[in-house]
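Both of the next two complexes hold chain A, though its partner changes from chain B to chain C.
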Partner chain A sequence: MVRQIRLEVFKLVRRGRSYLGFGALLLISGLAVVALLFGPHMIETSMSQGFITAGSYLNGGFVAWMMLNAPPTALFLPLFACVVTGDMVSGETADGTLRTVLSRPVGRGSLFAAKFAVSVIYVVALTLFLGIAAYGIGTIFLGRGVLVTFQEGSMLGAQGIYVYDAREGLTRLAAAYAFVSVGVLSVATIALFLSTIVANSLGAIGGAMLTLIVFGILAMFDFFKPIHPFLFTTHLDRWRDFFTTPIPWGEIRTSLAVLFAYIVVFLLAGLTVFTRKDVIS
Partner chain B sequence: MRKLLLAAAVVGALALAAAARPKPAPADVIGLLERNYASIHDYSADIEVSVDSPQLHMPRSAATLYFKRPDRMKIVPKEGFAVLPKDVFPGDPVRSIKQNFRLERLDSAKVGNEPVYVLSLVPKTTDVRGAMKLFVEKRRGIIIGTDADVGGAKFKSRWTYARVEGKYWLPSEIRIEMSGAMSTPVFDPREVKIKPPKSGKGTTLVRFSDYKINRGIPDSVFAEGKQTSR
Partner chain C sequence: MEVVVEASDLQKRFGDVRAVDGLDLAVERGDVFGFLGPNGAGKSTTIRMIMGLVRPSAGTVRVFGYDVWRDRRRALARVGALVETPGFYRYLSGRQNLWLLSELSGGATREAVDLALKRAGLADRADDKVKAYSHGMRQRLGIAQALVCEPELVVLDEPTDGLDPQGMKEVRELISGLARDQGMTVFLSSHLLHEVEQVCTKVAVIHHGKQMGSGPVAELLSGGGRVQITVDRPARAAAALAKLDFVTVSAVRDDSIIAEVKDGRTAEVNRLLVAGGFEVSAIVPKRTSLEEFYFSLTGPEDGKANPA
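The block that comes next holds the complex of A and B.
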């Protein structure tokens, strides 16, 4: 099993598309820092009327928090994860290498488990990379300091502003990124499952992203409110709760349970399809 | 009988004299406040601010406050960023009050057992929350509290003092209780909705320590850095 995981990691490292997400997230982090350095930042106006603010809240911690909050990241992070996990089986099917691999005495179950393990490693690495890159670039150009976050609104007008000292801010950021990696893994597992069905990785990536978008749209309408708690998209945003006081652990546990349920269901579904799959090409 | 009449006449005369004594004007109370700060040319103090309200939650923010006459003030945060409520009138409170408010009316009252002047202030700039009542202790000539009622929000501050260097009464702690609407409606791009103002109750606590008075703060302290006052 460990050997199979090593082999899957080797294949992952050799593929150019594995680095696409890291490169793009590094670029996005850099652009965010440039925007913060030179763009308007007026969150001070929201610091409740009647406060004098001194210094700057713009720092590495804020950039790392902002990257989670930025809508493009909410889309790109799952996309880059799916680009890799959606290719895990379908890519090899299309290349014809899966047939060669399966012609050797290797258990399909353990092979799929190895692919899932590598998916987990990749998703966690990608998510943490975003946090480290954003925090690192932000710290280099903006420095360190207290972490200022807000629950609602935008930088131009914010509500529910929470300020934490640098150390506590970093701990909360680490927890939030860990949570986000679970959320991204739920989408990535859907892509892995779809890659066992389709022969083209684009179909798996597109299918997973379409699920994300459709669930996101369903969450926008009150008509579908009864099913909202069961949509994984409802729980992807729960990382925000790590930046409130007190932290609503009960709700976080519920969201983690839903996300893990998606992971387990699609993992088992993928395993079932993969073990019964007729690999003929 | 004659003695009784004489006593009544003396009491009556004293009462008349008391009634005839001129009532202090709002400007006299400001003068009383000024006396406490008159011999302070500059000072620095460590400040610690904690805010717990529906709009702003900040467990602890530390900074150093510098003030130099006539009107130079600087807050240097210890962790890159700090906030300080305007209700504490940092720097020279008297100057800040004169600059931003019109003195409208003066009353007398008691806070606990302490006789106080109650000064009604009307804003003349947009740099302050709004109209407020200022409670000035008659005995020491110091601000001991403020009450403000602004657009659905109430702010009440109570000031505690320490005798600094055996001469000056300066605030050691200011506690501000807030209730009502604490923010303006904002557009939330994630939910594509306008969110109503955050409302509820909150407390801000400001602690002052390590006052250094008239030590000659160099002008360079006030030169750099960004400070926003809204």
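The block that comes next holds the complex of A and C.
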């Protein structure tokens, strides 16, 4: 099992596609810092309407928090994760490498488990990379300082703000990013499951992203309110609670339980399909 | 003799299609076993079931005594395989692919990887990415990955596909050498009848998912007691021979007769013909070609294998 994980990691790091997400997230973080450096007026104008501020709150911590809020991140982070996990089985089925690998004395269950383990490593690395890149670039160009976050409204129409000293802000950011990685993993696991039943990776990636979008749409309508607690998309934004005081640990635990339930269900479904699958391509 | 691959009442259905229908096979240690059949006969499906890639609908496949589907690790521990066109990680080099695949079989030394690459004629291109390889090079890499861990059983599905004539000759020699020099058992699926005839010690012919015939090549092609008798007035000679209970005339040609002579009594046939006033020029054992054997089982229309 350890050997198989090592081999899956070897394949991952040798493949150009694995770095696509890292590159794109680095670019997005850089662009965010450029926007704050050369045009912070909108946020400052918004802040000055309700608050009197002194000093600079546009810093590395703020950029890292802002990146979690950015709509492109909410879409791209799961997308880039799915690009890799959705290809894990379907890509190898399409190019015949799964046939070559499964002609070896390797257990199907342990091979799938290794692929999931590498998916976890990749998702966590990708998510934390976003945080580190945003915090790092932001700190280099904007400096460090207190972490100011907006609550109960959009960034440009905040209803309230929370201010944390640099150390506490960093801790809360780390916790929020860790939570986000669980959310992204839930989508990535759906892609991994789909990759066991479709013949090409586009189907698996598209299917997982479609699930994300459809669940997101369901969450917008009150008609579907009874099922909202069971949609994983309802819980993806729970990271915001790490920036309130006190932190509502009960809600966070509930959300984590739902997200892990999705991960476990789709992992087991994928395992079941993979261990029974006829490799006929 | 130890049975290395044993299929028993093996069946595979894809929907309403019976790809393999009650197949029985027994490959013994040291055999070079040829597996023949036209396209769509069920060869690839059978090989996939032997390799645990496809689950049988009924029946069992045992490799080294282990059920492949239930105990695939132990069943495949001593097996190397090339299943159809080999799939490789295109973004890795040939050497990296071999290393990675050998790790899945427990690992191979660097020397073993180098040797496998050399044997496949890829030593000079070992560090090039596979995406730069031609079809023939990938095929040779496929053979190399099947042999890199020095298995006891090698399963090769169309191993010469895509190779030039020189490459095909080298692979045939390699396969013969595997059994002769290294004691490996080889299970070879091929469309090329003369290839199978040259390298295999046993064959089985499959058609419409069913086994049509099998046995040692030498026995199948010996022709039994078939002889070609070159004689004057062959029609009259044939009529004379037809009266004998140990001779069955199967064909009469312009200058000869094809007949089956039981119990090796060809000398007696010669004596009787000469005594009857016929001039016998030659009596030669008539060897059946694998092509004749193959088409006798599959029929000329269906059995579209390549005799070349």
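One rule holds in what follows: the second predicted complex is superposed on the first by the 267 of 281 C-alpha atoms of A that agree within 3 Å, B and C clash if a C-alpha of one lies under 4 Å from a C-alpha of the other, contacts with A are read in each partner's own complex, and residues count from 1 in each chain.
What we mean here is this: contacts are C-beta pairs under 8 Å (C-beta built on N, C-alpha and C of every residue); 3 or more make two chains touch, one makes a residue touch a chain.
Fair warning: this is a prediction, and the values are worked out from it, not measured in the lab.
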{"item": "Touched partner set for A:Val148, first chain B, second chain C, both or neither", "value": "first"}
{"item": "Touched partner set for A:Leu102, first chain B, second chain C, both or neither", "value": "second"}
{"item": "First (chain B), second (chain C), both or neither touched by A:Glu251", "value": "neither"}
{"item": "First, second, both or neither for A:Arg276, with chain B first and chain C second", "value": "second"}
{"item": "Which superposed partner A:Arg15 touches (first chain B, second chain C, both, neither)", "value": "second"}
{"item": "Residue contacts with chain A in the superposition, chain B compared against chain C", "value": "B"}
{"item": "For the chain A and chain C complex, residues of the former touching the latter", "value": "3-4, 7, 10-11, 14-16, 92, 95-108, 276, 278-280"}
{"item": "Interfacial residue positions of chain B with respect to chain A in the complex", "value": "51, 53-61, 63, 74-77, 79-87, 90, 128-129, 155, 182-184, 186-192, 195, 197-198, 225-230"}
{"item": "Chain A partner contacts - residues on chain C that touch it in the complex", "value": "48, 51-55, 72-77, 79, 81, 83-92, 96, 100-101, 103-106, 142, 145, 155"}
{"item": "Chain B-facing residues of chain A, complex", "value": "44-57, 59, 71, 143-146, 148, 152-154, 157-166, 168, 220, 237, 244-245"}
